[in-house]
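These are the structures, in structure tokens.
Two complexes follow with chain A in common, the first pairing it with chain B and the second with chain C.
On to the complex of A and B.
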């Protein structure tokens, strides 16, 4: 769950992380507001090209796309039946509407295209470079700190969780559908919350002891190279073309 | 010893956690420059609490704290204290919060207003002083327990403190890391107080051992060299003595 993907050698690996962030951000916004299926398909193909360039393994892709598509699957369960429009066919007494199917299709393409770009981003940039690039893009310090601390302490939390689960296991705990199970899980979650709170306090104290005054400093400096500029311009142009295709209804 | 050499002067410190009996009661402590003190005491006797009071992380309900001959009361006072006294926490995971080792060690110097380059230089020097030269780009949460402890010590030493408070530094360390720690601490030209249950370790690197019991410090335990017969962990094979 917390594993970083392996960073394979590719052009994208060496691009400035700020550029990658800006690109993925603008791509996501544009794709989120696109509304015509042909244009959306173009965006999906575009995202797939990126996935190929980044050499993301199929296993990795499946692992990361599954959660998103489970959510999308739920939408497919409801949207075609509830969206008002002209009926496409009937399932018993329920009508499946044309508009509903279309809407669900759009959502599926959009979410997958955006997710693919996100996967490319994390597959070609290490987590802490990502954090530093946020800092360099002048994203508010608090958000950057939140990002770093989540990354650092999620492992500690996980270890604490595993410790609790193990201590339950060695005393013969088996999850069943009864009050004892619910109570035990409630205790466990409560314990994790209390421990995280204590941990947060101790970390803050440790930071105070080292002169923390509310600023985190980044040791990383980034420099934009020609390669970065060229890729930025190229991708932004493609994103604009996507927008124009949508707006002018040319395809 | 002269008054000018006083690092920490605690007078009649009383502290209690909400809803509990006082854990420290009218405690007095004088900690001078060049002193190397070991502090022992049962679990829950308030040793860590005492350190946190010295650093201003906890406020005593009564008593006077003077550090480097200046009274310390407000958060601002303690900010200055924290620049001169380093505290090594019991759990290294509390101390190391940056993604990489170098960033974590440079965090203190940067807070002290050093430039990025200076901070990196200090961090690298400190790491190499501790024999951790190749560690700068290691990910902190992936370090082993012993490595975490040494890197934590580096983060504290990088602030170039005048005194150290070490909270159970040998806890959970293997013999090798324990030796490294011992070597580093004996080579340091710093005054320190060490909390530990490891009496052998304290005998080797401190000049006097105090006990914290029933809310007060007992000063009567001078360090005497004496012999023990005990099971030797390396008895079964040849080994070096340091």
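On to the complex of A and C.
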């Protein structure tokens, strides 16, 4: 359930994770601010090029784009009708406004462009490497450590959860809309919490035995090579061009 | 023998064993995605929807909350807190049947009761991981989403946390636990609606519908938190001493 996408051999796989993080972050912010459809389309094409370079499979892409497009789809049900503007056509007594359709289109392009970049990031970097790069980017140490521990133990907790669900199923539990179901789920959550609490105590003691003083040391060192710099400059230039296109209203 | 690979996990998901089939109306709100995942993704606003002002506001507010949460957090407590937050992360993935559909739990009331201000960093990590692993939410909306979930948790901790101690009376525990589960989801729904509304007036009907659609989830969360707190009170009262919240 928590699988990361497969990391296929590509140029992006070997780039410095710090660079990737910075690039994706700045791209997301700029695209979130952009407001004109031609520029947004440019950004979408740019993101698609990245997806092609990262060799993400279509199946994976569709699977990961669905959650975003669900909210976008939900907004499409409303925005064309509620956005003030001149009516495009009528659906019964409701008028679909030109501006509303435009606005909803903008949101769809924006969401998908940013998400594509994010998928590229996840598809070319393991989550642990991302954590280490957070550390290198001076994000507070406590947050980075919390991130590591949470990610490390999600899988363990998931196993506990699966064990509990298995034992519930063996005893013939069926989820329905009634108090018994909710109580059972609540007890299960309580049990997961209790087990995690006990495990936390054990892990902490074991760590103390091994001399834990509140620091985690990374064996990974990052080095910025020539190709990292080149790609960083290239992408930053493209992002600036997007910004200028938006600002100067050239297209 | 059930193996722990993803295929068998998929087969034993609780929602698969229920009799709840989707009606067309609910389809739009809890739309099915593929075989095994069903997302209540209206709790996480995705990228590109909100206006820059709302995004910045949310990020600043979330940063302040996270700073407050980290202030009293000892470096030594981080392994414990990390494992607890992993447990909460897994618990929020449980599907609970609500009439014809199933919904994800939010559980921010529960997080707030146990962790207090530390709910902010824990929920920050949770939303970040959800964005990275399942693409719910995103990078630019990280701040807003964290605030929308964590702020109600902290409010509920301060409003109702007093009632949930190992020594308090059963009725007091039931009422305060229900309120914290109920109101945490309600305030989250209101905040999600508000963030959409502040982006543009045109979002108002959608925002209203989101708040209304949350109502069944609120009730269920309330009941769940009551049962869960009573269970913990019996089994492991020290978890309810808000040791993590106060430290």
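Methods note: the second predicted complex is superposed on the first by the 244 of 251 C-alpha atoms of A that agree within 3 Å, B and C clash if a C-alpha of one lies under 4 Å from a C-alpha of the other, contacts with A are read in each partner's own complex, and residues count from 1 in each chain.
Here is the rule we use: a contact is a pair of C-beta atoms (placed from the backbone, for glycine too) under 8 Å apart; a residue touches a chain by one contact, two chains touch by 3 or more.
Given the structure is predicted, the values throughout are model-derived calculations rather than measurements.
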Larger contact residue set on chain A - chain B or chain C: C
Partner chain(s) touched by A:73 [first = chain B, second = chain C, both, neither]: second
Touched partner set for A:127, first chain B, second chain C, both or neither: both
Touching partner for A:107 - first (chain B), second (chain C), both, neither: second
Which of chain B and chain C A:219 touches, first, second, both or neither: first
Which superposed partner A:9 touches (first chain B, second chain C, both, neither): neither
Which superposed partner A:64 touches (first chain B, second chain C, both, neither): second
First, second, both or neither for A:209, with chain B first and chain C second: first
Which of chain B and chain C A:194 touches, first, second, both or neither: second
Intersection of chain A interface sets (partners chain B, chain C): 127, 148-149, 151-153, 156, 199, 203, 207, 212-213, 215
Chain A-facing residues of chain C, complex: 2, 4, 6, 9, 12-15, 17-20, 28-29, 31, 33-34, 36, 39, 41-42, 44-50, 52, 55, 66, 70, 73-76, 78-91, 93-99, 102, 105, 107, 110, 114, 121-122, 124-126, 128-129, 131-136, 138-140, 200-206, 209, 220, 223-228, 231-232, 235-236, 239
Chain A contact footprint on chain B (complex, rising order): 52, 55, 57, 79, 82-83, 86-87, 89, 91, 93-95, 97-100, 102-103, 106-108, 110-112, 116, 119-120, 140-141, 155-156, 159
Residue ranges of chain A in contact with chain C within the complex: 1-4, 24-25, 28-29, 31-33, 63-68, 70-75, 77-79, 81-84, 100, 103, 107-115, 118-119, 122, 127, 130, 140-143, 145-154, 156-162, 165-166, 169, 173-177, 179, 181-183, 185-197, 199-201, 203-204, 207, 212-215
Touching residues on chain A, where the partner in the complex is chain B: 127-128, 131, 148-149, 151-153, 155-156, 199, 202-203, 205-213, 215-217, 219
